[in-house]
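What follows is a set of structures to go through.
Look for chain A in each of the two complexes below; its partner is chain B in the first and chain C in the second.
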Partner chain A sequence: MLAEFGSVSLLLALVAAVYAIIAAVIGARRQSERLILSARNAALLTCPLLIAASLTLLIALVSGEYQLSYVWSTSDPNTPLFFRITALWGSQKGSILFWSTLMSVFAAAALLINWRSQRRLMPYVTAYMMATLAFFLVLNIFYENPFERWWLYEGSDVSWQATGLTDSQQSDITRALGGIGIESSEQISAQVAGITCVDSNRASEIKQVLQGIGIISVVETSPSGCVGQSIFPPEGGFSPTATRLAETAQGLNPLLRHFGMIIHPPMLYLGFVGFVIPFAFAMAALASGDLSTNWIKATRRWTLVAWLFLSLGLILGGRWAYDVLGWGGYWGWDPVENAAFLPWLVGTAFLHSVMIQEKRGMLKVWNMFLVIGTFSAVIFGTFATRSGLIDSVHSFARSEIGFPMFFFWSGITLVSVGLILWRWNRGELKDDHRFMNLLSRETLFVLNNVVFLLLFVVIFWGSFGAPVVSELFLDTNITLGTDYFYQVTPALFIALYVLMGIAPLSAWGATSLSRLGRSMLIPGALTAGVLVLILLSGMTDPGVLVGYGVVTLAGFVAANEIYRGVSARMRGLGENPLQAFLSLFARNRRRYGGYTIHIGVTIIGIGVIGSTLFQQETQRTLSVGESLDIGGYQMTYLGFQPGQVADDGRIMDIATVAVSRNNQTLAEIRPRRDFYPGSEGMNSSTIAGAYSTVENDFYVLLVDWEPITARSATFKVYINPLINLVWWGGLILIIGTLVAAWPAETVPAALRERRFTGKQVKARARA
Partner chain B sequence: MKNTWIVVRGLLLACFLLVVLPAAAQNLTITDDDVNAIAKQMYCPVCENIPLDVCGTAACDQWRGEIRTQLEQGYTEEEIITDFINRFGERVVGTPQDPLLRAVSLVTPWIVGLVMLIVVVLNFTRWRKPRPVTTAPASITDDVYRDRLEADLKTRR
Partner chain C sequence: MAEATWEKPQSTAQPTGAGGNERLKFLIGGILILAAVGFLIINGTLSGARYYITVDELVGNPAYVGQTVRVAGAVDGATINFDSQNLVITFETANVPLDYDNLATALHEALLDTNGKRLSVRVEGQPMPDLLQHEAQAIMTGTMGEDGIFHATELLLKCPTRFEEAQPGQAIVEPGA
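Take a look at the complex of A and B:
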């Protein structure tokens, strides 16, 4: 019943989305209010339908409906409720459904919030949002359906000798089977190929066709038990027993059984789907011809919200990797991580560049390209990670969703670029102003955009470009790892921090060097002070000094700007520091939210430099009672507890080590290995033990141990300096984004005046 | 006779060195850190993009074992990496060693970057070309908020 209900909900959502596209486009062309409203209602309807589909799958997961193959493959009777819920996005089919549901929620919110203010754009916005949603629903219904069930049925195998066949015979077989609707044959063993589990009529048909092209040794087995997946039962099919299903259920991938997984993927998906809204508005502007700043005003907050979630997803992903993947770091420049980072880079460039269009009416074409680039990067990242492109350029062709996703990504990108070029060619995207001075905020923002895009290019090239090009044209598989990224990205990050320091101090239009110099005086002096302290601590590496110099300068500039704003309010309005601080942020959320984000990015930068350049590591095998020394710490192996069984059935092997410094014990930590007996494939995970301080993390991994007695065990130990600043900086970045994205209160001037105290009114009058 | 004795002693010394030195080389204590220093530059053979020093699969264990053996046999870091590349291809390292692949991998993004910079510089030059200006800016800045903030700070000092 759950499978039927879920499938029907998905199908109805697809019908509603397709109807909304058609009605919105025809309604906009014919200026038919009735059709446009009908399109809106259909688009809104997708939201409850998809929520119903997701809830259905959730109920199936929670109640252990193992006949649903998705539930069977992502949970088992030992899986705790917490992970049953997170299993909703624990595998491809469920995550696409979850993605579609979030997209429909975003779409509904955008329709409800912007309907009145953006009437001209909304029909096209509806069409674009629903086109994207419809595509994902097609994937969910026809390629990756989470409501498919296991069925048992009787069927025969038809097999033949595979060795000794010529290429021509092979292609004859493929052609002949294709002629009766069978795409390819299964390689049953090295010698035997065949078609498994077909009914007796089909088996006879295959046998005849193959014998007709001269394949003599065709064998048809007598009917026996077969297992298949489909939503509705095949002819003669019956469901396996509940006990059998529960016994064989696979459980969630061990790497996904972590608290971070409850929030990291949803945040990332929210970030991804959030960028659909600015994209749809940009496309609507191009399609409707309303190329004013309306679309930008309508999408600024949506972009910030998407950016917020994407940032949060990236930070939480880093934390999850640090805790669960067991390699001592949080960012491995892995293509999957990079696929999520790429839209963030273009989206950040867009967030900066869009200000130029708002303030100066410039960079209209550029902003269109950036918003499309962001969305295109989202779809490309999804395509690359889900189609298997990362494993091999050829594997995406074997993936069921590889080709559809590739066509959607390339199609939507080409159509969007085509629309921009068409409008551009018609002269409808001309800038209102020109750049007046090389030293102006807009010029510096353009440079900032260039650096962001250069980062995009080098990361894209390292993650996807070079491996694909080398495989396609040079017939060699290569991996570009951290070495490559450490060679090409630092210079660009330094440039970014330099611009982050200078740009906020420059003015729109033009600024003078003397004014810029004066503004830089205090932050510059503070930075010099920090550099002197670093030098005094004995670090003379030019790379470290440059790194910390530019990063702290950017932070001091932002902090100084906030300080100056607070001072001005305290002096001018007689407010106390807290009052002045809060009012300052409340009255200009975007500016001071932005500065807070810059401070967050600075703190992240300090953490990244510290944990990357000064990381220490060692690997040693210790006997019980033996110690190792690293970075001024001493670690002693105290003992081992093998085979501890957790509530969820996982078996934990736990080592206990003591961490001390200057002969004083600081902590006892318990790195461990978790084994998941029921899981196939990767059935263990390495959970680090860590002693965390502001200064560093003492991070221990249990690598191996002596069997049975565990009298000796091998540990990999890392000292990760300043690593916690990465998480704290991330938190500040999120707070800053929330401040910047928070809707401003619009209070009439008269009411605003009444809110001031007498003293403040006098102070304002004096000012 | 004296010369013969010297030759015999020389031969004995040579034999001793031939026997003892390789044995001494083989008895070098290779630490996990020595192995990981090389493994860090290589990638897991069966799982994508996981550095060999932190990979937990049996295949990675085997490769690390091979590195240890080669180190014990006196191979240098470069020789070991080259041997793995020869046997398993360029995919085992983080940056290709083959000159052509290396050049393609490392130079291409910079060429693209250079082209982007040239385009930007050309555009800046074009944008800055004087054109009939209808409205000249009243001041060099139109950042109203910032001007007000500066004025506030100046007045209150």
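Take a look at the complex of A and C:
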């Protein structure tokens, strides 16, 4: 019942989405209000339908409907409720459904919020959003359907001798089988090849075809029990009993049972899905010919929201890796991580350069490319990581969706670039101003864009470009290791921080060097102070000094700008510091939210440099009562508790160690090994224990212990300096983004900005 | 007035050409940036490039001795040995092709073939990875030593049974039938 309901909801959502596309496009062409409204209603309808489908799967997961193969493979009777819920996005099929649902929610919100103000764009926005949604629904229905059920049926096997076949015979077989619609022969063993579980007519057909091309040793076995998953039952198929299925169910992958993994995927999806909206508006602007800044005004906040979720997803992913994967790090330059970072880079470039278009009417084409590039990177990332294009530790199943995704990705990219070129060619995307001066805010913003895009190119090449190019053209398989990224990216990140320090101080049009120098005075002096402190602490490495110098300078510039704003209000309006601070932020959320983000990024930078360059590690076997020394700390092995059973059935072996410094005990931490008795394959996971302070993390892994008595145990210990700044900086970044994206009060945005910016400029001139 | 500098009325904002001097500066700046990044990429690619090869290609091929490569193999569970005192992991891997239809089957078959080439691997200074077990796919970066042992510095593991479609198997067939 549940399975049917879910499938039907999905199918109806697809029908509604396709109808909305057609009605919106025809309605816009014929200027038919009725059709356009009808398209809007159909588009809105996808939202409740998909929520219903998701809820159906959720109910199936919570109530343990193991006849559904998705439920069977992501939960078992021991799985606690919490992980039953999160299993909704725990595997490919469910996560595509979840993704489509989030997207329809975003689409509905955009339709409801922007409908009145952007009438001319909305039909096309509807069409583009629904086209994207329809594509994911097609994947969800025809390729990766979470509502498939297990069926038992009688099927025959056909097998033949595989040893001694020549290459040409092999290709004959492939071709002959392809001719009757069988993709590739499923291997049975090294000596025998065959096709299993087909009905008896099909079996004789295969046998005939094979004998027809001269393969004589074909054996057809009589029908026996087969298991398969599909939406509709195979001929003569029946459902297996629920209890038997429950006994063999798989349970959620142990690695995914962590809070970071639970919220990290939805956040990333929200970020990915959110970029659909700016993309749809940009495309609508191109299609409708309304190329004013309307589309930018309508999507500014949507872009920030998407960016917020994407940033949060990236930070939580790092935190998950740090807590669960047990290698003492949080970012490994793995292709899948990079695939999520790439849209972030283009999206961040877009967030900056869009300001130039709003203020100066420049970079119109460039912004179009960036917003389309962001969405294209989102789809490419999804394609690359889910199709098995690249080998990565993040093993999603290799699946059939690779080809359709690639098709969709190249389709949207080609169409959008084509539209831009068409409008450009007609002279409709001409800039109002030109670049006049190297030291102007617009030039510095463009430089910032260039650096973001260069980072994109460099990381793209390292993760996808080099492996794919070498395979296609050089007939070898070359991958680039982490040392490539450590060699190439730091210079670009440093350039980014330098620009982050200078750009906020520059003015539109032109800035004189002396004025720039004057506004750099205070932040520069503070940075020099920090560098002296670092030197005094005994660190003389020039690379480290440069790194910390540019990173802290950027932070001080942002903090100083906030300080100046606050003190100007205190002087001019007689407000107290808190009042001044709050109203400063309230009056110009975007600007000061942006500075807050810069401070967050600075703090992340300090944490990244510290934890990357100054990590210490050691390993030792300790008997109970023995200690080891590392980085001024002492760690003592206190005891062991074997076989502790947790609620979800996992068995924990826990060691207790004490961390002390200068003979003072700071904390007791409990690194452990979890064992999952029910799971096949990977069935244990090493969970680190950590003692966290601002200064560092004392991070301990339980490696091994003496059987039974555990009188001695082996530990691997990391000291990760400043690593917590990465998470705290992340938090500040999130707060800053929330400030910048928060809905404004009723004063029309354009008016308020004009008034306020005017005051700003005057205030600065006075200062 | 300050206002004029930050927002001009559209009508007066005629595109005015940048002076030739400025344009040249932009051009030179752009070329310098591209050259620097081009150099970084080429340099990084040359030093970071790892041939990604199979066990068959690596074993007994003197060309790869001493070179840093990336190799994929199927882990033989019976050969895994972990010296926890010194954190030394050793195990053997069998050849798996880089392209396959189904990873689980490919790994299973690789280990059934007892006559094929085997690669002995040694990893130092790492705790025992949770995923290192029979029929896992190991993707290892390291160098082939003169001793015929592959010294891996990076070890990635995949256990396909956990990630790819598993089936309930015949166990559920009999009682239901």
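In the analysis below, the second predicted complex is superposed on the first by the 735 of 767 C-alpha atoms of A that agree within 3 Å, B and C clash if a C-alpha of one lies under 4 Å from a C-alpha of the other, contacts with A are read in each partner's own complex, and residues count from 1 in each chain.
The working rule: a residue touches a chain if its C-beta (ideal position, glycine included) is under 8 Å from a C-beta of that chain, and two chains touch if they have at least 3 such contacts.
What you are looking at is a predicted structure, and each value in this text was computed from that prediction instead of being measured.
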When chain B and chain C are modelled together on chain A, clash or fit: clash
Touching partner for A:631 - first (chain B), second (chain C), both, neither: neither
Contacts of A:621 with chain B and chain C, given as first, second, both or neither: both
Partner chain in contact with A:572 - chain B first, chain C second, else both or neither: first
Which of chain B and chain C A:238 touches, first, second, both or neither: second
Chain B versus chain C, judged by how many residues of chain A each one touches: C
Which of chain B and chain C A:649 touches, first, second, both or neither: neither
First (chain B), second (chain C), both or neither touched by A:328: first
Chain B versus chain C as contact partner of A:152, first or second or both or neither: second
Partner chain in contact with A:430 - chain B first, chain C second, else both or neither: second
First, second, both or neither for A:511, with chain B first and chain C second: first
On chain A, the residue positions that both chain B and chain C contact, one per complex: 326, 359, 391, 434-438, 450, 454, 457-458, 461-462, 466, 476-484, 487-488, 507-509, 619, 621, 684, 686, 714, 716
Residues of chain A touching chain C in the complex: 69, 72-73, 150, 152, 184, 186-187, 189-190, 225, 227, 229, 238-241, 244-245, 247-248, 250, 253, 326, 359, 361, 391, 393, 395-398, 430-438, 450, 454, 457-458, 461-462, 466-467, 476-485, 487-488, 491-492, 507-509, 619, 621, 679-682, 684-686, 701, 703-704, 714, 716, 754, 757-758, 761-762, 765
Residues of chain A touching chain B in the complex: 326-328, 332, 334-335, 359, 390-391, 434-438, 441, 443, 446-447, 450, 453-454, 457-458, 461-462, 465-466, 469-470, 474, 476-484, 487-488, 507-512, 564-565, 567-568, 571-572, 588, 591, 617-621, 684, 686, 714, 716, 767
Residue ranges of chain C touching chain A (in the complex, touch as defined): 2-3, 5-8, 10, 13, 15-18, 22, 25-26, 29, 33, 36-37, 40-41, 43-45, 47-53, 70, 72, 82, 84-85, 87, 98, 101-103, 105, 109, 112-113, 125, 127-128, 130-131, 133, 139, 141, 154, 156-177
Touching residues (chain side chain B, partner chain A) in the complex: 31-33, 36, 41, 43, 48-51, 54, 56, 89-96, 98, 100-101, 104-106, 108-110, 112-113, 116-117, 120, 124, 127-128, 131, 137, 140-143, 145-146, 149, 152-153, 155-156
